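To start, I am sharing the structure in question, which I have written as structure tokens.
To keep things simple, chains are lettered A, B, C and D as they appear, and every chain counts its residues starting from 1.
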Amino acid sequence: MDVYGDIPANWRDLVLRKFSEAEDPQAGMSDFTLKGENVHLWRGERHVLHGVHFSVADGQCLQLTGPNGAGKTSLLRTVCGLSYPEEGHILWRGEDVRLDLPAFHAQLAYLGHEPPLKMELTARENLHYWVGVRRRLSSRELDGALERVGAQRWADRPVRTLSAGQKRRVALAGLTLMAVPLWLLDEPTTNLDAEGQRLVGRLIDEHLAAGGLAMAAVHHELIISSQGLRRLELRLE
Amino acid sequence: MAWTWFHRLASPPHVYRTAERLTPWFAWSAAILIVAGLIGGLYLSPPDYQQGDGYRILYVHAPSAWLSLLVYTTMAVAGGIGLIWRMKVAHAVAASCAPIGASFTLAALVTGSLWGKPMWGTYWQWDPRLTSELLLFFLYLGYMGLRAAFEDVQRSDRISAVLAVVGVINVPIIHYSVVWWNSLHQGPSVMYLGKPTMPPSMLVPLLIMFVGFTLFFAAVLLMRLRGEVLIRERAASWVREVVHS
Amino acid sequence: MNSFGSFGAFLGMGGYAAFVWPSYALTLAVMGLNVLWAKRLLARAHQVARRRLAIQEESRLATEAST
Amino acid sequence: MNNVMAGEAERPLVSAGTSGTPSVFAVTSLMLARDLRLAFRKASQLVQPLAFFALITTLFPLAVTPELTQLRRIAPGVVWAAALLSSLLALEFLFRDDAQDGTLEQYALSGRSLTGLLAAKTAAHWLLTGLPLALMAPLAGVALGVQGAALPGILASVTVGTVTLSLIGAVGAALTLGVRRSGALLSLLTLPLSIPVLIFGARATQLAIQGQPYGAPLTLLAALAVFGITVSPLAAAAAVRINLE
């Protein structure tokens, strides 16, 4: 078996899933949809998420808004499986993502507050090692992605020498290279100028047009022309 | 589901109330057995033909050493259960274990060295049993240090459970490597523990002490467990009943 | 029945008194401390739970008053 | 998996097909290449453990005696204590840098097994610290009065022993990932677990110096390494996931 393949997070759940698949051949054939049902999350003494419900269909982007500390980041981290909700479920195409986290992870890209880049490596090297773990990358593809985010001119400089906005653009290039249907973005426009913010909007638009889904925590409205934009307002307790 | 009874049994209010109900039973039977063991060990049993009355330290040293291992194992098993099934009560058991185990490990070390002085002529010999016990003490210290390093109880529970499981796998490896090491350096080893040739008048108090110490551990564990369960329980109506009664 | 002729001989422990009695004292002290620590932990947990309940009660009343 | 996509796009389809998924070997070498390249861009960090190792070895002739016959007797202890302490030095940053800039999170969410990725990182760590230490150990041996015939034995035992040290260290580093200034805690966690390596490693070195066959302790060292390879990455991955939560 592939050592890097799907290792069950929980063998008991896996056994149960095997049974349900045997009984219902249609399972797993539902839409490309992401759903959250009654998600509760605690952080120490703080009840961060109080029964959050949401759903995102193919070609839709769910924009998460709300004041600082309302749980936008926590919700994104719970959706991608980093945090474990105390109650509730995250469903991907009708199936609890906890049943097979590695398979779910193979379908998503998560961008946190900070661009996940190594300061000592160049932008190109960073993308090579970061995305290369997931899929084979040709150098042509890499160049294409760097060009799309306007990063080709400084792609071979160490990331340490780049500005915050330039680093963000490199991270966006990584996002497009992952070629996955689900994008989870935490403040994707941070540190970007007006042109950069339009770039984020364009990338999301194209992603949605190709049938992808996105969830983004934002402070400023995303500049998206797609019809698929929806909002979820998280409030402080 | 077959698991529902298990979860009901492990539900915090059930555990809290059961622990409350059981504590006096364990505590009193432990007290009776330990007093009986003390009388038997200190007064009734005959002196050893080689070690005279000095061997009587055995009656507190051996049960302490037994608890040091039993508690570590309990802690690791509880931690493992907590990790796999995400069961808060199991983590509460593991959290309750550490200080008990560490204190009895220390007791075993000090009584061992007090026993060593008349037998070996020195307080400390690098005897395999004492050396293993010392390393076990370090394992306990590491566990408690790691637990204390996290503010969030949930994370502290889960991280320290990983350490306890890794530790318990290593305890036999450490012990046998120390025994192997000692066999190369042939030190004097006068101590004996539960020799099969022990006359019943010596053996019976020892067995009574073993059972008494184990029951004592259970009683203290149940008391601590109630506290740890409360700390981990958030807005639950049963807490109101328990706290205000 | 027992091996000691007198109470003095019992206390003397055949010359090993300096090792036997401290061992027993230490072990019993460890047991006593364990009970004490457990009681303290339980009392503290009760206190924390009470405070937490009070805070919850307060915020509940506040939200009821505002609506 | 399901590559059902609406519309034609210039860029690759929105779902990575299995054809584009790199093999286990490719991912492992990618991780190794990344960590080695990063390490060589910060070369001073590579040299520090080696300098530390040399320094500790120098302390003993100065503190004990410059006489080679006497130094030869304590050489196994010096070499192994120095190896143990030097391997601790670089440990704190094994996963910390990656955790701080978010790359560790990306690996945890990559859909590939985190266990495998961390095993590759541990291998890189061994190549960068364990192997150089092993290559330096014979030099330290010469400085401590060991004859040339014993040097292969020292090289072999330190090479095998540092594999286990790196594996134990990976677990320790993963456990303390969320702890600020974890240096002391990390030593407290890893050193007791490293005792078997110390015992068997020092014994193999001692036998080599005495010109006797050292196969038995070396085999035991290898057994520890094999055991570590099976357990350590699993435990490290569990700990990293909890710390990322």
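Keep in mind that, in the parts below, a residue touches a chain if its C-beta (ideal position, glycine included) is under 8 Å from a C-beta of that chain, and two chains touch if they have at least 3 such contacts.
Keep in mind the model is a prediction, meaning the values are calculated, not measured.
Mean of the CA atoms for each chain, then the mean for all of them together: which chain is nearest?
Central chain is D.
Can you name the chain that lies farthest from subunit B, using the mean of each chain's Cα atoms as its centre?
Most distant chain from subunit B: A.
Suppose each chain is reduced to the average of its Cα coordinates; what separation in Å results between subunit A and subunit D?
33
So, what's the distance in Å between the C-alpha centres of subunit C and subunit A?
Chain centroid spacing, subunit A to subunit C, equals 51 Å.
What is the distance, in whole Å, between the centres of subunit B and subunit C, each centre taken as the mean of its C-alpha atoms?
The answer is 15 Å.
Measure off the straight-line distance from the CA centroid of subunit C to the CA centroid of subunit D, and report it in whole Å.
Result: the chain centres lie 43 Å from each other.
Multi-chain contacts only, two chains or more: what residues does subunit D have there?
245
List, in ascending order, every residue of subunit A touching at least 2 other chains.
Only 84 qualify.
Which positions in subunit B are in touch with at least two other chains?
234
Pairwise, which chains touch?
Chain-chain contacts present: A-B, A-D, B-C, B-D.
Where on subunit D is subunit A touching in the complex?
Touch list, subunit D to subunit A: 1-2, 4-7, 9, 11-16, 20-22, 24, 26-27, 30-31, 33-34, 37-38, 41-42, 101-103, 105-113, 115-117, 244-245.
Inside the complex, what are the residues of subunit D that reach subunit B?
Per the touch definition, subunit D meets subunit B at residues 171, 175-176, 178-179, 182, 185, 188-189, 191-193, 195-196, 199-200, 203, 220, 224, 227, 231, 235, 238-239, 242-243, 245.
Quick check: in the complex, which residue numbers of subunit B touch subunit A?
Touching subunit A: residues 84, 86, 151-154, 234 of subunit B.
Touching subunit B in the complex: which residues of subunit C?
1-4, 10, 13-16, 19-20, 22-24, 26-27, 30-31, 33-35, 37-39, 41-42, 44-46, 48-50, 52-53, 56
Which residues of subunit B touch subunit C in their complex?
34, 38, 42-47, 52-54, 56-57, 60-61, 64, 99-100, 103-104, 106-107, 110-111, 114-115, 117-118, 216, 220, 223-224, 226-228, 230-231, 233-235, 239-240, 242-244
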